[in-house]
Structures are given as C-alpha cells and as structure tokens.
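The following pair of complexes shares a single chain, chain A, combined with chain B in the former and chain C in the latter.
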Partner chain A sequence: MMQTLKRLLGPISSLRLTVICLAAALVLVFAGTIAQVRFGLFFVQEQYFQSWVVWWSPASGAYKIPVFPGGHLVGAVLLINLIAAHIQRFRWTWKKFGIQLTHLGLIIMLAGGLATDLFSVSSFMRLKEGETKNYSEDQARVELAVIDQTDPENLKVTAIPGEVISKGGTITSGDLPFTLAVRSYFRNSKLKMIGQETGASSVPAATNGTGQRVSLTSAPRATKMDERDIMSAVVEVTPAKGGKSLGTWLVSDALAVSQDLEIDGRKWSLQLRPARYYKPYSLTLKDFTHETYPGTMIPKNFSSKVDLTDAANKDTRQVLIYMNHPLRHMGDTYYQSGFEPDNSGTVLQVVRNPGYQAPYIACIIVSIGLIFQFTYHLIGFARRSKPTVKP
Partner chain B sequence: MKRFVPYLVLLVAALWLGSSWITPKPKPGDFDLTSFGRIPVLVGGRIKPLDTVARNSLLIMRGKQSLRLPNGGGTMTATRWLADVLFNPTVADGYPVFAVANQEVLGMCGMPQEDKRYCTFAELKPSLEKIEQERKLADDVEATERTPFQTAILNLHNALIHYQQLKNSVHEEGTVDFGKEIETYAAAVASGAGSIQPGATPLPQDQLNLLKAAVSRYERQSRFSNMLAVAPKAGGSEGDWLSTGNALIRVDSPQTIPASVAALADMSDAFRADDKAKFVKVTKEYAGWLAVEHPEWTTRTSYEMRFNRMEPFYQSMVLYVGAFLLACGSWLVCPKGLRKTAFLLILLALLVHSFGMFSRMWLQGRPPVTNLYSSAIFVGWGAVVIGIVLERLFRDGIGIACSGLVGFITLIIAHHLGSSGDTLEMMQAVLDSNIWLATHVVVITAGYSAMFLAGFLAIAYVIIDMMPKTFDKQAGKTLARMVYGVVCFATLFSFVGTVLGGIWADQSWGRFWGWDPKENGALLIVLWCALILHARWGGFIRERGLMIMAIFGNAITAFSWFGVNMLGVGLHSYGFMDKAFPWLLGFVICQVLFMIKLSIRFPSKD
Partner chain C sequence: MKSSSFCLAALVILTAVSCKKESEEIKTYSVAKESPPPQAPAADPHAGMPGGMMPGGAMPGAADGKDPHAGVPGMGGGADPHAGLPGMGGGAPPTVEIKDTPPTHWEKRPNAGMRVASYYVKSEGDAAAAISLSNLRAAPSSKLNAFNMWREQLGQPVADEAALQQLPSAKTGFGDGVLVDVEGVSPSANDAKPSRLVGVIVEDKGTAWYFKMVGDAAVVAKEREAFILWTSTVKAGEPSKVPMHGTKPGDETAAVAPPAAAAPAGDGSLTWTLPTGWAIGNGSSARYATIAVVGADGTKGELSISHFPGDVGGDLANVNRWRQQVALPPIDEAGMAPLVSKVTSGPKTMSLIDVTGPQTRCAAGWARHGADTWFFKFTGPDALVGAEKAKFTAFLESVRFTKPE
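For the complex of A and B:
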C-alpha cells in the first residue's frame, strides 16, 4: 500500500518539478515586475500573480491565447510538490532536520499566501476630526444604495452590489416597490457636462436627475497607481406592480450626491457609492496630527487618536494609530494610511485577513530551519577545510 | 628580513591614513576657518556643521566637495567658499560653481556651447528669467519623458534655488553692517514697546518705518532660507532652532538678541572688513558658548567635520585596490609574501571602512542602511567580511581578491550615489523605525553582499579556467566549495530579509506581500538562490553550472538593487535614477559574456 503511494508520489515529489516551478516563478515575477511600468500594479497583480494562466491578446482583443502559467498555478504546483516531497522523503535525522523544518515553514507560508489572496478584504475608513463611523468603504468595489427616505429618522437602505449591476438585466427586491433594469454599464467611464466641457457628446446619459445634463462615455481600465476606475451605469425604474416606466437614471462613482425619485408618494434616493462594510463597533476621530522634521517638509509622523466604542464587548478605549502601529480589533486591522489635504481628517486602511499570522509562524520556522542547517554545514565545512591548510 | 616586508607596507599605509587626522593649517594670509566649519546649524531636519553644509552644497551644484578656481587660482575649500556665500555674496557670485553639462542650456544663457562648463552666478544672472520659463515647461513633463535639455534645466534651476537660499541664510543679500543694524533694530523695538505705555511719547515716524522695513526683511529672510542657524538656549530641543530672521522678529530689546545672531553678525562684519584676527576670535568665542550650552550637539558636529575631512571611504577604496592587486600578484610571483601583505592591507581597509560606517551610524543614530548610498557602503562591507572569513578558511588569496574588488566597486557606486546632497538625510515617516531598519534592511543588504561575492568568486573561476597552466583542477574545486557556501549564506539572508520585509509591510501597510517592484526584486534573489541549490542537489548542474548560475546571480542582484528603482513605479521607488541605466545594462552584459565563456567548453571538461 505504502509502496504504491510512494510510486504515485514519485513524479509530483521530484526535485525536477521543484526546479521547473522555481524557474517558472522566476520568469513570472520578472515579467510581472517589468509589465508594471506599462500596465500598473493592480492590473499586473490580477493578470500575472492572482491568476491561473497568463493570457496574451492582440491590441484588438479579438482572441486570447495562454502564454505562461499564472501565479496561482505555479504556487499551487509548488505547494503540492512540497507536500508530496515531505511525505515521501521525511526521515528523522539531524542532518536533514533543518531542511525539513525549512520546507514545513514554506508550506505554511504558501498556504497562508493562498488564503490571504482568497479571503483578505481591504477597505478604507475616512474620518474627519470629531466624526464617528461604524463602517469602512471598499475603493475597489461599489454598491448601489437605494434608500427609502419616507421616515427621515429611520432611513432604510437596500444595497445592491456592483457585481450584480455589472451582470445587467433587471434587478428586483422584496424591499423595493420598483424594479431596476440596467440599460448600460461601464467598468470605467468619463462623465462630462453637456455644453460646458469639451469633448462631451450632446446625448444626455439619462432622462432623469443629473444624467440629463451629463454625457457618458466608456474609458479604458485605469492602470496608474493614483488612478481608479469610475464605474457608471444607467438604470431604468419601473413600478413593480406594473405600469409605465419612470425613465432612466445615471448612477456613477463620480457623482458624490444622491438623486431623488418618488413612487406612490414615497421618496427614494439612488446613489452608487463605494461598497460599505458595517462593523459591530464604531470609531471616533479625536485628533489627527501630522509632524514634520524641524525646518523641513519631510513627514516625521502621522497619527490618529481615536475612540473605539464597542458596546457589545464592553470595550471602550482611546487608541493612538500611527506609522507601524496599527489597531487590531475583532479581526480588523486599522492602519494609518493617509490624511485629508488640510490635515482636518485621517484615512485609515482597514484590513480583514484571516491568514495574517501564517507568515509570522512560517518565518520563525523557516529561520530556525535555515540557521540550523547552515550552522550544521558550516561546522562540517570548517572541519573539512582544516587539513588543506599548509603550514 | 623578508618576513617584515608585509608589516612595513602596513605601516606605510597606516601612516598615509594618519596624515589625514592632522588639521591642515590655513593658507598664509587667509582666514582660519577651523572653528567656523564646526558651527552647528539645522538644515534638512538635522543638526550638522557648516562644513557639511558647504560640502553638500558644492556636491549638489558642481559635483565635487571643493572648488577649483579658474586661471590657476588653485583650489578653494568648501568652507571658505561658504563663508563668502553667507557673508559676502557679491564675491561669491563670481565663483564658477554651477556645472552645466548641456550645450543647449549653455547656448540659451549666451555662453560658448561646450560639453561642460562651470558657470558663475554673475554669468547666469541675465538668463534667470529664461531659465525660469523653461523650468515651468519642463516641470509639466513626466520625469521619464524629459529631454536632456529639460533635465539639465531642472538641475540648473535646483542649483540656483539652492544657491539663492544659501546666500540668504544669515542675513539678506546686500546687508552692509549687520551688527549695527540689529542693534538699532532691537533698540527701536524696545522704545516702541515703551511708547505704547499710557502717557509715553509716541514713537517717531522714522523709527516706525525702520521697524516696519526690518520686520518685513527678517520675515523675507526666514521664508527664503532653509537654514536654521540660531541655537536655542541650553535645554532646548531640535524643534527650538530658528532662522536668524525669525529669531530677530522675537527680539524685544538689545539684551534679548540671541547669542547665535550676535555672533553671526560679528562674524559677518569681520569677514567683510577682512579682519582676520577678529573673525577667529568671534568664531572661537561662539564655539566656546555652544560647547557649554549644547555639549552633545557640538561633539557631534566636531566629529562630523573630522569625519568629512578624513574621507574614510575614499581611503578604504584605495586600500581595497592595493589588496586586490597584491592578491592577484601572489598567484604569479612570491605567493606567501604578497598574500600576507594583501591580507594585512584588506584588514586595514576593512577597519577604515568600518570606522566610516559606524561613524555614520553614530552621527545619524540609525542602523547602517537608511538609503541607497548607505546600502552601497554596507554591501561592500558585508562582502569583505565574508571574503576575509573565506581567506582564513582557504588561504589562497581568492577571498582577498574577490572581496577587495567588490569592496572597491561598491564604494565607487556609493561615491556616485552620494553626489545628490546630504547622505545622512532624515527618514520618511513610514521608514522611521530603527527595529525594522536594523533587521529587514540590514539582513536583505547582507544578502546582496553574499550574492555579489558568490558572483565574483565565479568570475574568478572563469579567469582560472582561461589559464589552465597557472592553476590546477584543485583550484576550481576549492572555488566551487566557496561559491556553494556563499550561495547558502545568501539564501539564508535573502529569504529571512524578504520575509522580515513582508512582516514590516504587514505592520505598516496592511499587507504582507503586494507584488511591488522592490519586493519582487527581493523575491527574485530568493528564487534564484533556491533554484541554484535545488539544481545542485538534484544533480542538474555541476561545478560549471554552479558557476554560470552564480554569475547570473550578479545580474539578478543588480536588478533587484538598482533596476527596480529605475522602473519609476511602486512604493519603494526612492531615488529615481535613470542616469545609471547604461551602467546597469553594461554590467548585465558583462555577466552574460562571462556565462557564455564558461558554457562553451561545457561538456568536455566536466
């Protein structure tokens, strides 16, 4: 039984496969680094590293052909290779102990990296001084917030994820007395005021709201670090019980204010906004400071003094978040990330990463393994060198 | 007798080093600027001696730390030049300190279109407006797309701004009698304060006008200059330093003029009056006052000035070349004697190198690697340390030759990286963490050291391979063992350094790994090391294969160290440096040539 298993493991645990994987990883990382000059980090990350296959397509985009294994594929094969090699070659000897330990650490690191890629969520929390928030916003995702304004004291929000809108079709919800039909959708777009900005077409994007004065055109995906996609969509509103369409509305990431509509005497508002993640606790910004070195503009430190209020866990305290000193609370980590241009507020990056401890554990194990192996060899090496010394 | 020759060489080298410790006497008939150069000021967030300010300014403007005067006028020290700039700007305007290396720029300023010319401020003055116009145009173009003309204009513009700021560091340009001016001003402030008391006679109009003019002048000076020259009283912190203008605005009577302002005013007036004795007296008194009020700062600045003058990295560079040549010579003639001398020299070189590196650490209060410049210094240092260990183990001169060469090359690189100004700059907020600088940065840089040493050992193998008569097969085997050992070392350091970097990134940016170019560069080294070791263990490569891969390690390490910074993208792209691209390319091509040379006879010899 064990023999059959070992024979099966042979090819997948081979050193040849390790070498091939390492070489492939080397080429992939190099190509992915150079490609960042043209396509930017986010695009490259998606296409090269967080993919199973790297595709190539001509400028026209008519077809695409696979050219190289992607990061996930190389990583997964390497992980399988490592585990298989471990099972097959594991032997309890001091000579191999360091190597075994090193590879065990690598398995943890690769697995942790995969988990992080799949499960970690990153978002931002912008706070002005004195402001309190119990949600963070995802800049890479959007949602269409449909808000029932009937009772101003108690707004009812229905959030439709951007992914649903991107699929098109008609969106219905039990909470809404109307349906939303997606008439057009753009991953990245340009909005221009008709008659005021050059290059604006004369066709209004929608029949109601801001869309009447704005033209909408598609734009290529953003590639630079300081640019991001502006998602836009045109939706048509029809009462759910049937009847005449109320017309179309333009919703876009670029429109900062919500647009109103009225159905059966009830007021509603529509806004496409960064997707929100609500927390069971809240943060209040007390003070933001931005220090520079004396006589210069070089930043010395940024820090945010926040009040954490968590009623459920009876955890209420003041925290100072600053460079290299994040706040960790209930699986979320808050980092000092940026600030408002006039220093009136802070931008905190919020990361939820269930696998964040994996690299720490892996690092310790691998370091012990490498140091052990290295010292073991060095001692042997020095011993062997001795006889060659001529007096 | 022969036994003592190596020690005699060591003694001569040590004497040469020692000679730089002696403080040079000022030229007869010129100012004694020893105490002047030591005076601490706060520039760029750091307290440094005027000597450093002077040297760095000349480096930025003309690429050298001293000034060569035209028509056989000899050389002028940076401090002497700075004294003119601060106190006697009209004279300073006549020194050729602006290096312009672009024919179009020179033509635009109405000068002969040479390849390179050192211009004086007076020559450039009529063209200032034109330069400003071109600068505005060039500013809108992205750094990667600028023409050589635009880059040259921006460089010249920066140098001009720097010079103008420097000229207004103590007082406004064109000030005649600063001592008297501030006394009159302080007296007017005091009587002005008295005049607003009930029943007092109001301040006469001319006094009022004088005050208004003075305050706006001081305000202008403090806005324009970036030097904070006024030290606080004992117990004050770095944040309490002021520009002379700001300090004067806070004055309310002649008694409250800060000691620094009064001293600088006396220096300025004595300098313009060419009163050498008084100048020395005033600088000495001021230095004495500073030593009493701020002993810690003055100790540092005195030390820094001595460090500047010694130029330890230049000295160790020379010694590395000596050690390298002697080690090479030892393979041809007199193996034992030359190797011994080479070994002693490289030890001395390492000592001087270490002195320089640890001095910088003490001055800055930081771990050894804080920017690209200091990384070059550390890479060389690390490689030499490993090389000396190898030499002790194998005693064949190869460790000395290779590490001497790596030490020399990295110090040359450092020298060129250091020409952009103060290399002891302040750390950006996110980098302000000594723990991570000491661990991640140092470990990863030590990985570079090991990679380069392995690569150069492999290049030595190429050379040995070309001379089969001089070296036997055993030499190749020994080298293979060295390279293998050093690659193991590089694997350990690169891997641990990379992971530590990931942990730092997780602490400060919220992600362990982000595929940023610098991170990828580090990963490339780790992958390459892993590839070498696994290929060796699997028997896919032998002695020659190991050497070929180790040589390519040089190219990968150079890409990771500098190449990724040239891409101009990512979070780590501190110091965009496109000028060095041809050098990097040349280096990589050389490595490939070495690899081809080795692979040609691949099957026959192994």
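For the complex of A and C:
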C-alpha cells in the first residue's frame, strides 16, 4: 500500500517540479512587475497573481488564450509538491528532524499565503471628527443598496453585490416588493450633465431620478494607481406582484447620494455604493492630526485618536492609531492609511486576515528547524574530529 | 505522522477548491439610521433666506444638531411646515451680536440661520434640551402666531388672543415679554416621550425676540428657572456690518468692516465678514475653519478654509481634484482657463471656479499668500450653492490676510 502511494507521489514530489515551479514564479513576478507600468497594480494583481491562468487577448478582445500559469496555480502546485515530498521522504530520525521541521514551516508559509489571498478582506473606514461608524467600505467591490426607509428608527437594507448586477437579467429577492431588471451595465463609465458639458450626449440615462439629467457612456477599465472604475447600471423597477413598470433609474458609483422612490406607501432608496462590512462594535473619531515637514507637503506624522465602543464585550477604550501602531480588535486590524483631501477626516485601512499569524509561526518553525539541523551536524562533526588519546 | 500529513494535504486542497472569496449572495439586514456628524448644524428654516425676503412664517428658535427633537418639522430637523404662514414677522432685522450670561453648564453651539444665540444642555442618558434666541421684524400678530406654532409643535390645539393675554409676563433684557410654557408630545416624534417648551416672546424697537428652550420634559423643568434668569441677562450689542451682495471689488466698506460675527477657528491669520445666515462650525483640527451653510429648504452645505505650503500641485491639479470630487472628468489647461474668474479681496486677487456635478456643486476660491496657498471651498447641493453663490463671492471679497507675506 505504502509502496503504491510512494510510486504515485514520485512525480509530484520530485525536486525537478519544485525547480520548475520556482522558475515559473520568478518569470511571473518579473512579467507582472513589467505589466504594472501599463496596466496598474490592481489589474495585474487580479490577472497575474490572483488567477489560475494568465490570459492573453488581442486588442479587439475577440478571444483569449492561456499563455502562462497564474499565481494560484504555481502556488498550489508548489504546495502539493512540498507536501508530497514531505510524505515520501519522511524518516523519523534525529538526523533528518531539522529538515522535516523546515519543510513543515515552508508548508505553513505557503498555506498561510494561500489563505491570506483567499480569505483576507481589505476595506476602508472614513471618519470625520466626531463621527461614529460601525462599518467599513470595500473600495474594490460595490453593492446596490436597496433601502426601506419607512421605519423611523431603522433602515432595512437589501444589499445586491455588484457581481450579481454585472451578470444582468432580472434580480429578485423575497425581501423586496419589486424586481430590478438590469437594462445596461458598465464596469467603468462616464457620467455627463446633459446640456452643461461640451459634447455630452443629450440622451438621459434613465427616466427617473438623477438619470434624467445625466448621460451615460462606457469607459475603458481604469489601470492607473490614481484611477478607479466608476461602475454604473440602469435598472428598471417593476412591482413583484406584476403590473406596470415604474421606470428606470441610473445607479452609479459616482453618485454620492441615494435616490428615492415610493412603492405601496413605503419609502425606498437606491444607491450603488462601496460594499459595506458591518461590525459588532463602533469607532468614533475624536481627533485627527496631520503634520507635514515645514515648507513641504511631505507627511511627517498623521494619527487618529478614536474611541472604541464594544458593548457586547464591555470593551470601551481610547486608542491612538498611527504609523506602525494599528488597532486590533475582533480579528480586524485598523491601520492609519490616509486622510481626506481637504483634511476633514481620517481614512483607516481595515484588514481582516485570518491567516496573518501564519508567516510568524512558519518563520519560527523554519528557524528552529535550521538551528537544530546545523547544531546536530556541528555536534556530530565535533565528535568525529575529536582527537583520540592513544595509550 | 504520515496520516497527519495526509490530513493536512487534504485540508489545504479542499480549502483551495471549495472556498469562494467574493460572496454573490443578496443579503438583507437592518441597521439603525445614521445620525449626521456633530459639526453639521441641523436644518434651520431661517437659514439662507436673504434679508427682506422672509415670508413671515418661519419658526423662530430652531434647535441645533443635537436637539432631541431633530427631525421633527419646525423644531430643527426638517422643513418647517409653517413657513409661509402670513403675519408672523415682516422680515429679517439687522443681524446683531448679543451679550448674555448663560449658566456655566450650558454648552455653546454655533448659530445657524436667524439664531443669535444657541446652547445645549444635557442630562442623564439621551435627555437633553436646546436653547436658542432668534429675532425677526415685529408684525401685528407675531406673538400669537409664535405662541400657536409652539403649541402645535407639541400637539396642543390652537389658542386664541384671549389665551395669549392670560400668559404670565417675564422680564428680559429687551423688556417685559410673555412667558409660554407648553407640554405635550410632538405629532411628528418617533416616540411618545413627553416634551416641554418654555419660551419668551418680547418686542423691542420693531424687533420680535424669541427665547426658546425645548426638549425632554424633565430637563426643561429642571432648567426652567435658569432659562428665565438667562433671558434677563441678554442685551443687544452693536449691529454687525454685513456687506451687501455685489460689493464692488476693492470696496473699502468691506475692508473696514469688522471681522466675522464669530471669530475664525484659526490663529488670526484671516479676518472676514460672515454673511447673514452662515455660522462657524466645528471644523477639523487640520482645517483653518469650517463654516456651516444651511439652505432655506434645510439642505446643508459647508465652506472649508485651509492652507498648505507651496502651490499644492498647481491650479490645474487642484481644479481637477475638485472636479473629480463632484464626479466630473478632468480638463486641461486650455479647458480650465475660461472657467476661472477673479475676485478682488482688498489688495489680494483670488481665483474662483464653480464646478457642478450630477449631485454636488463646488465653488472654490484660492490665493497665494506668502509661502502658502489658501483654499476656500464651498460644497453642497447645486441649488444651495447657486442660491448662496453671491454670499460666497461677497465673503471672499471680505477676506483679509492679517500677517505679512
């Protein structure tokens, strides 16, 4: 049984495969770095490193062909290769113990990297002084928030992910008394005021709300670091129980405020906004400080004094967040990331990474393994080279 | 050891295959309605109404941003359903500064709209009361209309002239007035918590003064004596010299006008004349000052004043940043040139641009002074910025740099 298993593990545990994977990773990092100049960081991360295969397509975009293994594939094969080698070559002897430990550390490092890539979520919390929030916003993802405003105390929010809107079709939910049919969708778009912008189309994007005064056109994907896609869609609202369409609404990442509609005596609003992650606690910005070096715009120090209020865990404290001093609470880490362009508030990056301890654990295990291995051999060498006393 | 390795491998592969980072599920959840940041003053039906155009029915003494009744029409949070009711006042009187001696535990708040004094007092829990003083030109039915509006706010029926005559008198710094004391529950309130309103209406030299304290019934009862004592300490100061709209560039009237009714939040590098209806807000420590602007319909805008070393990337970069903030595409130098106008502020010439996006409008003025560039950015809904544009221009014309370059 074990012999059969070892025969099967032979090809995938080979050192040749390890070298091929490392070489492929080297090429991928090099090609990805060069591609960033043209396509920007986020696009390259998505296409080169967070993918199974790197695709190439002509300028027309008519077709695409796989040209190289992506980051996920290279990492996964390397991980399997390491595990297979670990299984096949494992010998329980003190002589090999350090190497086994080092391999285990590398496996944890790779598995942690994969877990980080798959499970970590990065978002931002923007706060003005005196403002309290219990949610962060994901700049890379959007959601269409359909909000029932009728209750004077609470908002009932139905959040439709941007990925669902991008697929088109008719969106239904048991919590909504109407359906939303996606009439047009643009991953990146341009909005222009009708009649106020030179060359703007005179065709309104929608029949209701802001869309009556705005024209909508497609735009190429944003690739520069200081640009981002402005996702827009036109949705048609129809009562779920049937009946006449209520018209179309333009929803766009560029529209900062919600648009209202009333159906069957209930007040609703629509807003395409960055996806929100709600927390069981809240932060209040008490003070934001931004210092620059005299005579320059170079930041010297910027810090945020926040009040953390976690009623469930009876945890209330004041925390100063600044460079290299994040706030960690309930699996979230808050880093001082930036500030509003007009200095009116702070921007905190919120990272939720269940695998953030893996590199530390892996490094400790690898270190112990290498120290043990070298020490073991050093002792053996010292013993062998010890001069024997002749009688 | 081998079996544990198999388990580890299986776990990793299973995880890699089964996990899905981006959820595509439609989720429904409930969240509490967000309250605005504290520096934003609540809507005041008086704010933004130019002098002489007050329809005569606006509610005096609207509460500020932390008024427990915020959101209740006519009490500070929303549009006043009474606006337009005839016979309450004949328009806005000249803006005056007042001198008063409030109790030490009252928290001073920025004045919005026609208010000349605003305070806030808090008790246990959420219980609180807002105190304010407003003035309007006196009209024949000022007292009765204000009396009935205050009664309506707390769900009380309309009273007649006879009921007004029976009200006790109260001594104020402007003379003897009538003391109103109403208890009830606002018809528009979200809960049935008892509220109380104590007010004094007094007319002096053609101006009607409205002292008002409204909020949680227990807090108002506790503060009633202090409130009445406070009304007796209030005295009118000198009228502010507010520049008229359309002040000519370089007009020395503006140059000699005293600085703002409220002192700027900064280090005294600037002086200005604050337009009627605008109020100094609680700005960020990173800003020189923040001024809250509230429109006649309750819409809110904000004027931020800040300064940075150097030219901050140049005019084009700044203009394009403001355009981006209102969701407009960037423009080039040639496209920017015709959009920039000039405003004269004493010896200084400021650049001014006005950009209007689908939702937001931004009028921004800027000028170099010494090693710094100063920015005056007025942001808000299109209608509000349009209505207040003349005031903004007048404000820029009144700005003076006090420190040498």
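Here are a few things to note about the model shown:
Methods note: the second predicted complex is superposed on the first by the 344 of 391 C-alpha atoms of A that agree within 3 Å, B and C clash if a C-alpha of one lies under 4 Å from a C-alpha of the other, contacts with A are read in each partner's own complex, and residues count from 1 in each chain.
One rule holds in what follows: a residue touches a chain if its C-beta (ideal position, glycine included) is under 8 Å from a C-beta of that chain, and two chains touch if they have at least 3 such contacts.
Since the structure is predicted, the reported quantities are computational estimates derived from the model, not experimental observations.
In the superposed pair of complexes, A:A115 makes contact with chain C only, with no contact to chain B.
Once the two complexes are overlaid on the shared chain, A:S202 sits clear of chain B and of chain C alike. Looking at the shared chain after the overlay, A:T93 reaches neither chain B nor chain C.
Comparing the two complexes, residues 292, 294-296 of chain A contact chain B in one case and chain C in the other.
On the chain A side of its complex with chain C, the touching residues are 72, 76, 79-80, 83-84, 86-87, 90, 92, 107, 111, 114-115, 118-119, 128-131, 135, 141, 152-161, 163-164, 171, 173, 175, 190-193, 196-197, 210, 213-214, 230, 254-257, 278, 287-290, 292, 294-297, 339, 341-345. Interface residues of chain B facing chain A in the complex, by the touch rule stated above, are 42-46, 226-228, 238-239, 241, 243, 393-395, 425-426, 428-430, 432-433, 436, 478, 481, 485, 488-489, 491-492, 495-496, 499-500, 502-504, 506-517, 520-521, 523-524, 527-528, 530-531, 534-535, 537-538, 540, 564, 567-570. Every residue of chain C that touches chain A in the complex is listed here, in rising order: 1-2, 5-6, 8-9, 12-13, 15-16, 19, 21-33, 37-39, 190, 282-287, 290, 304, 306, 308-310, 312, 321, 325, 327-329, 356-360, 371, 375, 377.
Those residues of chain A whose C-beta lies close enough to touch chain B in the complex are 15-16, 18-19, 22-23, 25-26, 29-30, 32-34, 36-37, 40-41, 44-45, 49, 109, 113, 116, 120, 122, 225, 292-296, 298-302, 323-326, 333, 335, 337, 349-351, 353, 356, 359-360, 362-363, 366-367, 370-371, 374, 377-378, 381-382, 385, 388-390.
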